[in-house]
Every structure is written in C-alpha cells, then in structure tokens.
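Once you scroll down, you'll see the structures, which are given as structure tokens.
In what comes next, subunit A is part of two complexes: it sits with subunit B in the first one and with subunit C in the second one.
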Partner chain A sequence: MPTTSVTVPRTLSDALRVLADSPDATVLAGGTDLMVELNSGHRGATDVVVVNRIGELCTWQHNPQLGTLHLGAGITYSEIEQSPIAGWVPALAQAARTVGSPQIRHAATIGGNLGTCSPAGDGLPVLCALEAQIHLASAAGERTLPFADFMVGPKRTARVPGELITGVTVPVLPGWQGYSKVGVRNAMVIAVASSALVVDQEQQGVRLALGSVGPVILRCPEAEALVAAEGDFQSSRIRSTVVAQFAELARRAARPIDDHRSTAEYRRHAVGILAARQLRRAFPNE
Partner chain B sequence: MSATGVASETTTRGGLGDNVVRPDGVAKVQGSFAFSGDLTADGFLWGATLRSPHPYARIVRIDASGAWAIDGVECVLTASDVPGRATYGLISHDQPVFAHEYVRFEGEPIAAVAADHPETCRRALAAIVVEYEVLAPLTDAERAIDGSHPPIHPDGNVLRHQRIVRGDQSIVGPITVEGTYELGMQDQAFLGLEAALALPDPGGEGVELFVATQWLHEDRKQIAACLDLPEEKVRLTLGGVGGAFGAREDISLQVHCCLLALRSGRPVRMAYSRQESFRGHVHRHPGKVWMRHHADASGHIRRIEARFVLDGGAYASTSSAVLVNAITHTQGPYKCDNATVDGWAARTNNLPCGAMRGFGVVQACFAHEAQMDKLAAAVGIDPVEIRLRNAMETGDHLITGQVIESVAPVARAIRETAALPLPDEPVGGHDGDPMRLPGGAGLTADRGHIRRGIGWGVSIKNLMYSEGFDDYSTARVRLADGVASVKFATVEVGQGFVTIAGQIARSVLGVDDVVLETIDTKIGSAGSTSASRQTWMSGGAIDGACRLVRERLFENVAAAHDLDAVQLAIDGTDVVDTLGTLRVAVAEATAGVVIDETFEYHHRPTEDLDENGQGNCHTAFAFVAQRAVVDVDPELGLVKVVQIATAQDVGRALNPMSVVGQIEGGIAQGLGLAVMEEIVQVDGHVRNASFTDYLLPTFLDMPDVVISLIEEPDPMAPMGAKGVGEPPCIAATPAIVAAIRDAIGKDISRVPVRPGDICLTEVG
Partner chain C sequence: MSSEMYSLHVNGELREVRDAWVGESLLFVLRERLGLLGSKGACEQGECGSCSVLVDGELLCSCLVLAAGAVGQAIVTIEGVAPLGAPNDVQQAFVDCGAVQCGFCTPGLIMAAHALLERSASPTEIEIREELSGNICRCTGYGRIIEAVQSVAVARRSAT
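The block that comes next holds the complex of A and B.
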C-alpha cells in the first residue's frame, strides 16, 4: 500500500495534534471507502491517521431534555441499526440496514460516510432530512455546521485540511420517519435513488431529502410546504391527490444524471414513487 | 433451500450414487485451500501487464526504456520479444500475445514487466510510453457483418457465418409469432482471479507453470508455440482454481508469465485484479436473435425462421463454435421439421467473447422460450400445454437432421416440474420480513404494490464437443496394497470431479482408499473442463482404467484360487466368486501386487455441418424444465425471484449433493443474467469493471429451489450419467423473464431486465 506513515492516536487531542503537523494526512476510520480507493489506485501515498481507536469518537449521548442525540463520528452502522439508537432515529437505522453487508456495517462509520460525502451515501439523506449538525474540530478549535452547509458537492465537503469530523447531532422527533433506497439488487448495492422522509409532529411539518439524484442530497421545500398545508397531522390523514402532487414535486426537485448504474429518467421516476409511498406510510389515512 | 428426491446422508463407502463430501471442501471453507493466487516461490518476481486504454488505435511507437531504468525492474516485454508464434487462439490463432501495430479492444495487453514489488511494477508500467493514433471503434455487430466497415483485423470482420436450411421453406402459418430478443454481455465472474506462477528451467530451456485454467494440455500447446519450445519443455500443473465457467478456456496471462520467467531467469508470479480480470478474459456473447415460428391451429410447430447475430468482440476465441451451438439449438427441446436459420458471429472492438456456461444455447433458449409463450397465447393454451404438445422425444430430429439418440425425457421434465409445489408463502413472506419483497432492505414497497408472476423455461443442451473434434480424456489407475492411485489431467474448477473420481474408483475396484495424484501434464490430455463433459469423458476414462485394473485383479485372484476370472465380482470391498464361496478382501488380494493401467476415453465421432447446416455435429443432449415464481414491483421495476422449481434430466446422479450444487449455482447464474448482470460498454469502453457496479446475485437474491432429479441412465454415457452443469443456467433466464412478463403484462425482450424496462415502457 502506497503510504508513508501510519499513526494510531488514542485521544482526540492526540489526533488533532498529528493532523496539525500534517494537515494533508489521510484520515482512516473503518476503511471501507478508503481502502477501496487506495487499492484501485485512485489515491496516492500519504500519511495516515487512524481514528477508530479514539474513545471519544466512538460514543453517543442521548439528551432527553433537549430532545437530541449525539453520535460520535466513529459510531458504526451496526450500532446504529440496533437499539437503542434505532429507537431514537428509526430512519437512520433503516438507512444503516441497507449499507453493504454485515461485515461492512461492522466497520463502516457514520463519520466515514460524511467524510466521503457521496450523493449515494445512505446515511446522508437521513442526516439531511433531520437537519443534523455536523461537528468538526482541529487544533485551532471546533465548529458546527448544518448538514446543508457541510456537503458542498459530490464527494466535496466544507471540511478543511487538519480538521476531523467528531460527530453529528440530530433531533429525536416524535412522528413517523423512514428511509427507502432503490438498487438493482436486494441488498449490498449502491443507491440508484433514495429518499428520507421525516415527520415533525410538533412543528406540523415534514422534511424530505433525496439521495443519488443530484450532486448533493436534495431537500424538497415545495413538497414539504404542500404537506404542511394539506396534511392532517392529528389523524395522519392526507388525500391521494396530494400524495400524487407530492411525488410530482419530488420528481421536479431531482437533478439526476445518466450513468452506468441508471438512467436519469429512471432515477427521477423512482424518487417520485419512493416519496409518495413514504408519505402514505406516514399518513396512512385518506 | 429444499430438494426433493435427494438423500442427505453421507455413507462411509463413498461409492457412486452417494453424497460424498468434496475432499477440498473443508479447506476451502476454512480458507486454507491454496488457490493459484496463493502460490509462491523463493526469489520470485511480480509480473504485471500494460493494457490499452483505447478500444481501437494504431500503435505509433512504444518506448519501454523508462521502465528498464527503474530500480528493481528485471524484465520488460513487448510484441517483438515473443520468440515463437506471435498470436494464439483456441480455434484460429488471431489474438496477439502483445498488441502489434493495432490495439483492438480496451484492455488489450501491450507489454509486461517483472519486478521486485507490485508497486515497482506499477511504476514500470506507467513509465512505458505508448504513442497511439486513436481510431473510431467498430462496436455495432450489424455494421461488422454488412461489410460497411473496413476490416479491423486481417481475418476480416465476420468470424463465422452459418446457415441452416431444412425441409419445406414455403410453409407459412396459419399461426405465426415473431420477436427480436437481445442479450447483454455477461461475465463469468469467478471469484478466484487469474493467477499463475512460472518457474524457469536452469538455462532457460523450459518452463514450469502453475496456473488456474480449464485445460492444461491446450494451454501447453499454445504456450509452447508462442515460446518456440517443444511441448515437453513446457510443464503445467494445476493451481487451485476458484471457478471458471468458460473464462479460463482461453490464454490470458500464461504466455506473459512464462516469458517473463524465462527472460529474467527468476520465478514470476502474476495475479490479475478484478478490474483487470474483466478485460483479461472472454465473456458471454451479447447478441440479437430474431425468431418467427409458424404453427398449426393447435400450436404444433411447423417451421421456424431465425437470425442470430452474436458479437464476438475483437478476437475469434471460440465464437465460431458458440455460433453453431446457438443456431443448432434454435428449436429448443421441441419437434420441428422445417427451418431457415441465418447465423453470424461478428468481430468488433468490444471485449472479446468466447465460452461461458451454456455456450450459445443461452442465447437461443432465451429467444425460443419467449416464442413458445407467444405461441401459447396465440393458440389460447397455457405455457405448459404448448410445451407438452411440442416436446421432443428420443428419435426426433434436430433441424440439422441429427437424430436425438439420447434419452430425452422432455415431457416428463415438464410434468414433474409442474407437479412440484408452488411456494406456500404469500407475497412478502409469512412474517412480514422486508427481505422477502422486491427492493429488500431498501424498504421500497409494501405488499399491496407487488404482483406475482409465473414463467417457464425448458431447454436442450448438447454435451461434449462438436463438429468433428476428436474429444478424449486420459486416466491412469494404479492398484497396490488395497489403495488405488488415480492420475488424470482433468481440471477441477470447483465442479466436484475430484469427488467423483474417488467414487468411481471405490465402486469399480472395491477399495476404500483412493489417492488422487497431482493434476498436471505428466499424463495425456483430459480435454477441457467445459461443455458439461468431464463426468462423462474423464469419468469414462477413470471407469475404463479401473475396469482394466479390475480385470487384472480378477485374473490374479482366479489364478491363485484356480477359478475362472469371469465368475469373479466386486462386492463392497471384497472380491467374490459369484458361483462359489470365495470371498477375499481387495486389500488382501493386492498385497504386494501392483496393477497399473491407462485408458483413453473417446466419445463417438461427430461431423461438420454442410453449407445448409446439416450434419451430425453434436454428441449427446441433456434436458431441463424450470418454473419460476417472481414478485415484481411494477412501479419501481424491482424483482424478487421467489422460487424456482425444476426437474432435470441427469441420467444418473453419481453424487446427488453435487448435482444439487450445480443446479442451484446454475440458477444463480441464470438469475444474474435475467435481472442484473451486464458488462456495460460505451463506444468500446467498459463502464463497470468492478463488483461495485457489475452486480452478481447474492445469497439474499437467491430463490428457494425445489428439485426433482430425473434418473433415466443414458446408455451412451459411461456410467449412465449426463453432464449437469450447463442446463440449469440456460433455463433459468427465460423462466424468470417469462414470470416477469406474466406479472406485469408487458413484452420484455432484453436481458438483463433493467428496472426501467419494467416501469418506464408502455404495455406491449
């Protein structure tokens, strides 16, 4: 493997010190993205800082007063798909269950998903719909960005050299939420189109985020506004015509491309179907 | 998965008919089995290949001096370094060892290096300067055959054209159904990548190669010609093979690896990456098949017209044989007296195509089975009835005029399949497990969105080699002190020949202990592990050698006990006198004795086809019926195959567990072609040369498989057993696609079926 040095810090401050000394070092968490890139020659030799032995990054805190859940960057998908985390953010757990295989989910971290920031990353539409806060730290200090400001392009983030993603904070919401993903295989597949829908019962609103159908995860403000206006949040009731309009607005929000995994036409079609089906699951009554 | 009619006990005897466990099974599961890529030798160098980034280009200049200048680089080879024949190939040698003047497909080898480390190899390859004049690639097979494109190879753009004309050409209708069917390029996708280790003889007079291949002696012949060495100076030993499915029939790294070793004087180890493997071996022919069936009012086929265009890619490989297999199976397992078939195999700048499980019959079967369903609809009967009305029997003719002499239980296979239970689970399963719905873990659908369909696929497949090829296999059996040693060059690719070999020896010779010797070229050829042929051919050779040994054993025992040898027989592990009371253990009878016999098994001769495609070109045939049950999400176009029920004509199940393995594996591969597996090429460039994007079915995509084995021993087969490897993979694809059509009521004519084909097209 074309590397020059590998450091395995045990504390966050050690890690930040190493990164301050070599800001261009590559951060390695579960390695499920990074090793693929290295082995295929898409990445050259650099120093490596391993972060999955840092205790602070591998913990979570649930704060019932604030109604928030903080996940350290080193939390794996296999932790997320199980209780208790799955109970607080069911949509994230559903997304986690679609990631790779059990072996991949044991190694793959939420921080790594954010680090790669692929439009097909399965954790990302849920974080987007939950309006997650992304925490970053460097030797110079800490900062927190809303997801929408963190992901700036396909595989491009607001993280600067020397910075580490330390974790994410998401709200624990009452109300329906879910994640759906289309791939051409029944498991172990990269999303061709995906959709996360979150109902905020208190705010009487929904938030819809689409994956794999644009350069970044896309929110659908028009579709959300429609449901806020037309949905009956007390009795989970919505008219079929509204569901159809919702799907149409989701389709319109998509900005898909043609590639070897799918046509743009199918991607656009599929997110509409996913959004409609999710809305019906959230509002089962006509 | 359940299998009816298959015993699950393993007996200790381990003779024919028992479910003997593979001798290499535990090692493979535990990871201790040495695959070809695990081989190593003291002081070895790594070899690597420079490949063309262009599908079609003229090579203006190659400058390898930059590679030579790198520390640790021991050898750099290009076309001018090939000492012998510059080209190789299984049928015609039209493929260069290294590209010379032109590159004709993306990934064609241009140079090879040997160095002290893979990273040094990588830098050496990057330091080789190749100047290209990039040319517009020929990627449309129709353009290759219509003569409108200048030849991209000295041998021209048509790899083969063959017609079949039989019977009355004027027959039309009264019922006519027609369709054009298309198949994408499937990869064999074996898990054990191409790998080899070459050891040069001192002085460079010869070379020893450990390699994962399908046919050691054919490799040796081609390697020796390219190296300009006598064949006996090239010695091959089988390296552990992790699957083949046809992709190891052609030469890949063999010549490169040997030549690097000979030139550097050091052992050289080569191993392809997955990306490289996709470009480093031949694939299943993508193709277009047009068929028109004429039938009487009750659905009996009167005449078939067909046109096949298979894209052979840049080099010939076995395209000519694949084409003949395709067109000679146009009618499927159905009676048909009149036919007009036009078949083309084209040369293009796409990836080269050659052998893959099913060998041309996959393309034919996908088309004829869709036609049978159209015929059933036109006549107004169901898919089972149309197939029963036309079912072929022993004594019927192929459209080549060849009489089917094999046991042909087509109607029985269809009836037995139809009698197997349909899945008892409702759409979505009993317990609401999302993995039972199309879309699986993606939670894309609820039960109400799903429609279920049922479809049929029935096939005929030729076994062994065709068109006049003298196909044979050699085995040597040595019996001493109650232990049988069996020597053969039969390649074990995972199919289980190493299990069968022991079973034959145990049954025929009455021994418990069988030693399988190293699989190498120190014995005569076994032919290729392909064409569903090794149980028949190499099984026949071992059976023959064992029988010779047994005769000698009986002679010895007869002489010792003053008996007539013809009255002796094997009973368990004893020699017994069938007319008297003598019973002596084989181990005792062979104490201090060595009996050693070699046997060559040939199948009966076959003929070439004449210009009208007439002739006895095939050897024998096997049949299978499959019924697929699929759940489809019509709005998203996602599919979950729920169950495949199948009755397969196996002659005799020598190892039922092994047969079930072949059936399940074949179904997985047919399922892959039906709904996901395709190498996507755009203008000759491969877009998905990785397992991230070339999707194979996983365990979660596998349906339940319900199996009934039809055991009607074939009198022509050495032990009554037919080849079982290819038929299941042929029938699964059409059965699954028929079930999708049934679920959604649309005419789908291309595989793999993409989601958009289901949900974005109009009702046909």
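The block that comes next holds the complex of A and C.
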C-alpha cells in the first residue's frame, strides 16, 4: 500500500486530532526503523503522521524533589548520551551510545524505540530495569503504564489505535548502573544479547533486565533476590561465588531463540557473562 | 499535508518537489527529483552513511528521512558545503591525504567530518573513529580519512 498522506503536526493536540481521525495511521518518529521498511517495500503505510517536530514532545524535565526524570517521546539518543541526561540515567546513556551510528542517534528517539518495541531495542532493558512509566495520550485522554505492562510481545505494545506515546518517566537513582551488549562490532550493531543492571542504594536492591534473549525484555527476580540477600551495599562487597550464582540465574531466566543473528545457546552464555560482569562492576570488592 | 507537490529548503534555496509520491525518502527526492546526485544511495537502511546530509544542523542519513516530513527544515547536502570548483578545507584535505579512492563514500564522509569539526575543534582519534563509525568505506581502511580530519583540525587551530 503506497503512502498517500503525510501529516506533520507541530503540537500534541494537533497530532492527537489527526490520530483520532485516522486511528490506523502509521506514526513516524526518527524514521530509523519505519523508513527502512518503507524503502524496502516490506511495509506499506497509507497515512503517515510525523511526530518528531512536536515541540512539547522534545523536552525533558528533571524533578529533584521527586527524584524523577521525564523524557518526552521525541528526545533523541544523541541527547540522552550527553550531559545532563547522561548524568541522571547513566545506564540509558550507555545504551544510547551503542545505538547505530551518530547519524542514527541524531534521528532515533526514545519514543520510537518504545513504539517499535523490538526485544533488541537498546533503550528497553534500561527502561525495564528502571521500572519506567510509559505515558500515552489520545483524543480521549491520557494513561500511564509500567514498562512491564507496556511491552506485551516482540514488537507488540499495549498502545491502541489512536494513541501516541508521549514520554517516559524514570527514577533518578543513586548507585551504580550500566548497560552492556554483545554484537559483532561497536557501531551499527543490533544486540545479540544485552543486559541492564541498576543498583537501588536506598532500597538495598538491584534490578536486572535482559534484552534480545526472549520475546520481551526479561527481569530476573531470582538473581535480584540473591543480591539483596548476599550483597553488602555499604561497602560494595560481594563474594565471587555469589557472582557466579547470579550469572547462572540470569542464564536460567533467559528464553532465547536461534535466528539469523545468533544461536539460543550463545545468547544464553553471553547474557550470563554480561550480568556477572556488571554485578562485579557494581560491587567491586570481594 | 497530503500533497503531490511540496517545497524543501535545500542548500539555501526553496526547491519545489513535483509529481512525487509522498512516501519517498529525502535521498530519493534529492537525487531523482532535484538532480542533486552528490549524496549516494547504497544500503537505504542507514547502515552505510553515504547519503549523509545535514538537516537543521544535525547529521542524518537522508535515506531514513521522509522527504515530505522535512518541509520547513534547512537541508544541506554535499553540493551545499562549498561552491563548485572551490573545495572547502575538509574536501581539500581528503584529496591531499589520499583519503579518496573509489569516491563513493566520500560525500557522506565529508559531511560527517564537516559536522564533527564544526562541533569539536580538536577531536581525538577515538572521537573521530566514533563520529565516523556510521560511514562505511571499503577502499581506504580509514587511516587516511582519519589523517585528513586531523590535518583539518590542526590547520584550523593554527589559523586562529
């Protein structure tokens, strides 16, 4: 189906009106996923709504009282990899820096990453580990979903026709956090396996989320419980045997498949290595 | 806008795009509708960087930009970085350093190098490699490209 209309709304209310009129319109943010499909003819999009020129969606707000950061859906990965956002959510900045190339990062947005919702999306394990809240709006109103309820399958979300992803709110946490990924080179790589670890110093806990090893981003509650019980959060100390157990629990939580990028066996192996490496960085003392 | 005709700001000029299908990429429109053949099309999926242009000052792959969505934005292509026959310092450095072999990737690399040097006066080698990581060159092995970028940075610093 060839594209027959392109709309470029400049305000959120205009965008929501367009989506109310044509709820099945295809939303185009940075274009780094959708344009590939349009160029190759693999996907048709009759009506396209371009949302990366909506000023309201291209802003962020840091709230030190609440300890939160709100990112508008139009915030790009190049903005996330730089100060000040990188200082508040370092794991998200690390993930941002692994996305594509500078050209891709100037275009690609956090809202677009959520909209595509690939299990290999680099921002998603971090948003999952941070227990991000995803904001959606339509002409009928607004709603907010936790990440775990938003991503319902590979490239499937809870977004309904007529809705637009408007932004995401994440906590600004004290404590170590990081994102790691395995791929064939540093640039232009889609993750073969990825892992985000976030330390919540106040709650004396960690949150581990794995990407590219299941139909959705996977949390690892058993691995997290192990660290809550065995980790010394004051002196960043953890025993090597616990690190090894942590890796094993991460491997067991993974539900990988064989595909053109890798094998299930390698993915399971790699994600255990990534998780263990991150835990050691978070707790450098034996 | 659902039009078959729209206008784009390209290299400082307002250019009408006629008889176009609205699903066309900016790369396609630049080359096939506006006759600007400097930006190269290879992968059409943002992997190779040979179609790199500046849109409102940001380095983008023009194959991933929906042309009809770029109305009102300032687009600069390789044709717009310097007058024809009068290469700028980045272009001249590529020639002087032997950073051009088959030349296919060169326009995209010039755009990327230009964007990097506008932002950072003395980039390290790691920075240069990271900034040019979205541009693939299958001839040079990149050594002379990095040399070219470094030579421009040195020349600009000594000129100020």
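To be clear about the criterion, the second predicted complex is superposed on the first by the 284 of 286 C-alpha atoms of A that agree within 3 Å, B and C clash if a C-alpha of one lies under 4 Å from a C-alpha of the other, contacts with A are read in each partner's own complex, and residues count from 1 in each chain.
Going forward, a residue touches a chain if its C-beta (ideal position, glycine included) is under 8 Å from a C-beta of that chain, and two chains touch if they have at least 3 such contacts.
A quick note: this is a predicted structure, and the numbers were derived from the prediction, not measured.
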Partner chain(s) touched by A:Q94 [first = subunit B, second = subunit C, both, neither]: first
Touched partner set for A:T4, first subunit B, second subunit C, both or neither: second
Which superposed partner A:H260 touches (first subunit B, second subunit C, both, neither): first
Touched partner set for A:L274, first subunit B, second subunit C, both or neither: first
Touched partner set for A:S40, first subunit B, second subunit C, both or neither: both
Contacts of A:G183 with subunit B and subunit C, given as first, second, both or neither: first
Partner chain in contact with A:T109 - subunit B first, subunit C second, else both or neither: neither
Footprint overlap on subunit A, comparing subunit B with subunit C: 2, 36, 40, 101, 186-188
Residues of subunit A that touch subunit C when the two form their complex: 2-8, 28, 30-32, 35-36, 38-40, 45, 48, 50, 52-53, 78, 100-104, 106-107, 186-188
Interfacial residue positions of subunit B with respect to subunit A in the complex: 119, 122, 275, 435, 438-446, 449, 635-638, 640, 675-676, 680, 682, 687-688, 690, 692-693, 695, 697-698, 700-701, 754-756, 759-760
Of subunit C, residues touching subunit A in the complex: 1-2, 21-23, 25, 44-47, 49, 52, 58-61, 63-66, 68-69, 71, 112, 115, 130-131, 133-135
Footprint of subunit B on subunit A - complex, ascending: 2, 36, 40-41, 94, 97-98, 101, 178-192, 194, 259-263, 265-266, 269-270, 273-274, 277, 281
